[in-house]
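Note that chain A is present in both complexes that follow, paired respectively with chain B and with chain C.
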Partner chain A sequence: MPEKMEGIRIEIPSRYKVNIDREKCKICKRCTINCTFDTLSFNGERIVADHDNCVACQRCSAKCPQEAITIIDNQMAFPFHAAYDERIRRIGWEQASTGGVMLASCGNDLPYPSIFDDLVLDAAQVTNPAIDPLREPIETKCFLGAKPAKLEFTETGDEITLKTNLPPNIELSTPIMVGQMSLGSISYNAQIALFKAALEVGTLVGTGEGGLHPDFYKYGKIINSEVASGRFGVDANYLKKVAALEIKIGQGAKPGHGGHLPGEKTSKLISETRMIPKGTDALSPYPHHDIYSIEDLQQLIFALKEATRYRVPVGVKIAAVHNSAAIASGMVRAGADFITLDGFRGGTGATPRIIRDHAGIPIELAIATVDQRLREEGIRHKTTLCAGGSIRYSADLVKALALGADVAMICTPVLIAMGCRVCQQCHRGTCAWGIATQNPAYSQRLNIEVGARRIANLFHAWTEELREICGAMGIDSVESFIGNRDRLRYVGPNPKIADIMDVKHAGEAWG
Partner chain B sequence: MAKKKMEIDALDGDKKPLRYWVLNEKIHNAADDGAKHIVVKNVLGQRFIADCMEHKDLKIDIHGTPGNDLGVFLSGPTIEVFGSCEDQTGNTMNAGTIIVHGNAWDVTGLAARNGKIFVKGNGGYRIGIHMKEYQDQRPIVVYGGCVKEFFGEYMAGGILVALGMKIGNNKVEEVPSKEVVRGSLGSGIHGGAIYVRGEVPEHYLGVAANIQPFTDDDLKLLTPILKEFCKYFKMPIENIWEREITKIAPSSSRPYGAYYNPRTV
Partner chain C sequence: MDLDEIRDPKSRLSHSEFGRLGRIGSMGEVNGKWGKIGVTLPPNGFTKDIEACGIAGLINTNGKTENGKRVIDMITTMTDRENGLGAGYACYGLFPDLADSFCIQLLLDDEEAKENVEEFFKRKANIVKDEEVFKKPVRGMKGPYPLIWRFFLDVPEEVISASPHIESEDDYIVDCVMNINEKINGAFCMSSGKNMAVFKGNGWSHEIAEFYDLAERYNGYMWLAHSRFPTNTPGWWGGAHPFNILDWSLCHNGEITSYGTNKRYVEMWGYKCTLLTDSEVVTYLWDLLCRRHGLPKLIATMALAPRYFDDIALLPEDQKKIATELRMTYGRAMVNGPFSILVGTNRPNPSMIALTDRKKLRPMIAAISEDENTVYASSEECAIRRVGDAKEVWAPVTGNPVIAQLYRGLVWRGTEKQFEGKKIKLEV
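So, the complex of A and B:
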């Protein structure tokens, strides 16, 4: 690591400026208490701002009773250069100053085009009547787990009984689950809010690779425990008291990267949950050291199935990468009851920026190619295909389902529902909104009941919008909408994308 | 109520090995019925034996060669293997003891948090990788013989021991010092300690691994562990003290502390 040197830091203009309206400001100092990034302080006379530290999380502005604070972009003029834009220059200055690997969080913030935005939906006209979702039932229920290829019955007299052994399946009221966010990446209050909302909605929440705090065992029936390479918190309770298990191979925000919870964030609470000493780094190795092949993956899947004596579905999550379809085929053959694809816009509590922004592929392409491959191989029924890491709102959900996903997995949208301003500082652990922090003083800013209500509201709104879309297409069950790519049309600039997704171009009629 | 001691044959009526899920279900059921000592005979490569079992006072004897992942997620029982183990013995183990009267090959004790593994013979690669410890939970892995590269990689806690001996029925032979462990020893270690009987060449050490003085505290820590080892394999502890023990520990608990720049630009 480079040595610290006097004057080494390049003086960079701050990105944001905190404007304080001096006429309105009553110097109540509420903003200085609310700011968790050391930006605002009281100098004995008035409120002053260290603009360099501002991350535009908007906490001060929201909590100022006088509405005296405005955060603005610091619009300094930089000498024009189209290639070396301000962002590239800032990265260079920062790296020259410290020599460190740039750390980031949340998800990929670069303006890659969204393929979801290039897809439009069909609607029923004349020959296939639309359904009114307010008056007629449209089923959104779905099941997480492997499905049998066929059902066999035995008939004795008037009695008909099911002969086929059904693999374990979890009923979800709506095809949306909360993805994997650990206690560590998010706060205690945020995690309880998620659990409470999921109980009400009837869906699952992932634990992330953070273990399960004993306080949360009671939410077991809506919990999807993650088993990742560090095996943090994995014990008998973690495996046996929950509804589903998910092996994490990769994450959309950091394909091919492990995990690194810095010692500063290993508080007492985290130490109890991950079962590691307080203050130590929690390193998750990049690969699982018992998985170097599909056969090895099968071994861990069955170690988990044996551990739970085949009572819960066991899934596998990978980042969406170039070879996802072939890998997914192997995962299903290895016995994954559900597979999760995590797209390159997926979120994270901390990852090197270089990986967050540049590795992986868009989820739309991964969903379509994996669904296609599994259908071609006749093994699509053996798994539930979950997709996450780019599903921003209900329109993306609808299109993801039409492309072939059974269930959407969301994280950033539920954080936004809890009031996240997407300032992308989760890795700093000082979230001013009490969401991505382990500081109890900040964490308690998040009201659990209100947070849970807001998440449940979000799920309700998305589910109703999904019903609206299904109704408009004349489809009365979400399950018959899944993989229905003929109801999508492509309007984007690159027909190759439409080809890969097996979606027709707008203007082409039913085939 | 079942008998306290139960015997399970891992061969079926046609003398073919039982599939692992059939055998394991038999073991689970015997334990759930209250058996305290289960003897499994003719084991031939069946995986996941005693997977996540939590019965604290249960003893399982295994005759033959169990397959990979013996005692994976183990949370209580004692397993004694009269034979050799394959890979991943005691994978992500949480409590209990595994005694192996033979060899136990790659990645033994992977990510274990607690429990003890005693192996009479030799081991393969990446043994004790990412072991960790928490409060009074501290995993212990002792090999009587030698191990291969990456012993104690990523180690975050616990105790790993390699003694470098060939333990026979009535005699104990020594293995040359430089064959006890191999290269990349303790690579990425940030907690716990590795004890190697004999000298460890400097170039064997992996990233962040350091040779540290073997003190009285280390001796106090190791003595009961080695006594337990000697009890299982019926050998006098004096044999062990005939050679000096080298201690390898992390150079820092935060080896990557300054690696990242958290500022957003």
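So, the complex of A and C:
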């Protein structure tokens, strides 16, 4: 680590400018209280802005009673260079100032093309009637967990006997669940809002890798709890309280990385949740140090199944990487009742920027190849395929299902529902909206009831749109939609992508 | 397929026989297999069957056999349901003397194809008997007419024990059929069951009946019939219904919106969807669910056309458990979209099953004769009235099957509540 040096931070243009309309401003100072990034202050005479600190979270602007504040992009000209654009130059300046690894949060923000946007949907015409979801039932219920290959019945006269026992499954009212966000990455209020919304919707919420605060044990039946490499917050009592367990091997935002919660964030609340002393760093290792190969994973899966007496499904989450299909096959054979693929746009509370922006593969390809591989091996029924980390809105959801995912997992859309502005500063812990912070003063800004209602509304809206799409295709139940790639067509630039996804090009007919 | 491929030297026809691309009767290639377009191969550009249709069937549950006259009357009455681009019949119980052998009935482009199939069978099984299927030219019915041949086969016991992947002679025959349809140029298996056969082709239902002389030549206790109205594609012989695998024959009216899901599901179980139609996949689903998974027929219909979860929620606990677990396990087997199907099977209990989708977007009507020995099912009531001896005619409820079984009669009317009269036990 280089020594600190006077003048090491050179002057560089700020990214944003905070414009204060002096005519309108009554100097009520509300903005200075609301700003959590030390941008706005009162200098004894008027409100002044330190533009360098502004992250465009819009909190000041939203809370200004006079609508006097506007945040704009800094119009400062950068000498043109197509390769060394502003982003690249800023990275260089920043790294030269600190000598460190660039931290980031939220998900990959680079303009990689979205394959979802290159897929279009089919609709029923003439030979099959479209179904109006407002008039006819269209079912979205689904089940998380392993299914048997077949059911065994015997029939003697009028007596029908079922002889197959099903593994544990969780009923979801809609094929969408909330992904893994820990108390630590998000606030206490934000997590309660998620739990309340999921209770109303009838779906699962991930706890992230931080364990479950005892206050939340009462929400156990909608909780999909994570067992990560640090084992934070994992004990037998906790395992028995929840509906599903998910072993986290990887995360889309940081494949090949563990977690890092600095000691200053380990408050009393976090300490109780993660079961570590107050003020200590919560560092989770990159790999599980008891899982160096597939047979080790199998042992952990069955250790968890034993601990929970085989009453809850146990899943495994991996980041979508090049060899996902083979890895997923191994996971299913090792006993994973559900597997979660996390795409390269997946979010995080903190990650090295280089990993966030450059590692992993698009979720569309991961879904398609994993689904295909599991079918080829005849083990597709043995697992529920969940996919997340790139699903931005309902259109992505329906395309993910048609490509072969059973359930979509979402995080950033849920945060957006609660008012997140995607300023990507979660790793700093000073979220002005009370979502990604542990500061009680900020956390209490998030109204739990409003947040829960907004999340439930989002789920309702997505589910209704899923119904609309199914109905338009003449499908009245979501299980007939999953893996139904024949109802997708590719309109993008690269036919190789269509080949990998086993999707025909637009213009090609059925068959 | 472009013109160059059709002109490939592999073609056994002279260039003068080529008209426009993929002309009916010319030679072509689909998925690496050669054959005559419109006969053993679908017409050019045609990949999947989309159609409306007429279906009709009857079963004498007392085992009395009859010729095809009545079923021909039924299907030909519904003239609005066909446009001359395909029709077919399935007859059960027509080979009582060879009832224990598999009857493989094939459409063939020429003698060479027939010899290739014969060679294949000689290597694979014991040919008990083989003969050309009777046919006669029909005035106005467009050619080309294929060569039609049937082979009666026994599966030698040693081939089952010799193969690690094949568990039964049924599996073995399925494998042979898949092989022929996929690989042998100019050959197409119409049917492959025991004591049953399918007769189908490209023409009106009355033409196909006349072509095979069904009104006089064959006697069976069960007859199924189908007439096609393809909406956007020309007809072809192999693509006519009924579709068959082993004893399962299927007449289908509808369009399966879940085709992509169902196809991938049956492929996982080793079926190959070579016939390029959505009806084929439903035939395989019946074979998979009833023969290989051993589901009772009534239970299988609940997997293919399940009740809504809201209705299932109202059932008593045991029934609810079975209905829910069926949906959980067989979600990908659920057939979605409008359909009305008529299914015939021979083993273990010869039965006729009529089933519609759970919204009943395609018609199905059922009837029973005055003497209660014959059960009918058809798209329209006129077909049943034409036969004229119905004591009762009723409309089966959405997604609820009509099941008539030999020597047991009408076992399910399609108007019962789910599991009505059934004792449910859970041994888990």
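One rule holds in what follows: the second predicted complex is superposed on the first by the 504 of 511 C-alpha atoms of A that agree within 3 Å, B and C clash if a C-alpha of one lies under 4 Å from a C-alpha of the other, contacts with A are read in each partner's own complex, and residues count from 1 in each chain.
Operating definition for what follows: a residue touches a chain if its C-beta (ideal position, glycine included) is under 8 Å from a C-beta of that chain, and two chains touch if they have at least 3 such contacts.
Given the structure is predicted, the values throughout are model-derived calculations rather than measurements.
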Legend entry - Which superposed partner A:K496 touches (first chain B, second chain C, both, neither): neither
Inset, instruction - Would you check which partner chain A:N128 touches, where first means chain B only, second means chain C only, and both and neither mean what they say? - result: second
Legend entry - Residues of chain A that touch chain B when the two form their complex: 1, 12, 15, 55, 87, 90-91, 93-95, 98-104, 229-232, 234-236, 239-240, 260, 262-263, 271, 275-277, 279-283, 285, 289-290, 299, 302-303, 306-309, 352, 424-425, 427-428
Legend entry - In the complex with chain A, residue positions of chain B that touch it: 20-21, 24-25, 28, 47-48, 51-52, 54, 68-69, 72-73, 75, 87-88, 91-92, 94, 107, 110-111, 113, 126, 129-130, 132-134, 137, 153-154, 156-157, 188, 190-191, 253-265
Legend entry - In the complex with chain A, residue positions of chain C that touch it: 45, 47-48, 50-52, 231-232, 254-255, 257-264, 267-269, 276, 292-296, 298-299, 306, 308-310, 321-322, 325-332, 334-338, 358-359, 361, 419, 421-428
Legend entry - Of chain A, residues touching chain C in the complex: 124, 126-129, 131, 136-137, 139, 141, 143, 147-148, 150-153, 155, 158-166, 169, 375-376, 378, 380-381, 473-477, 479-487, 509-511
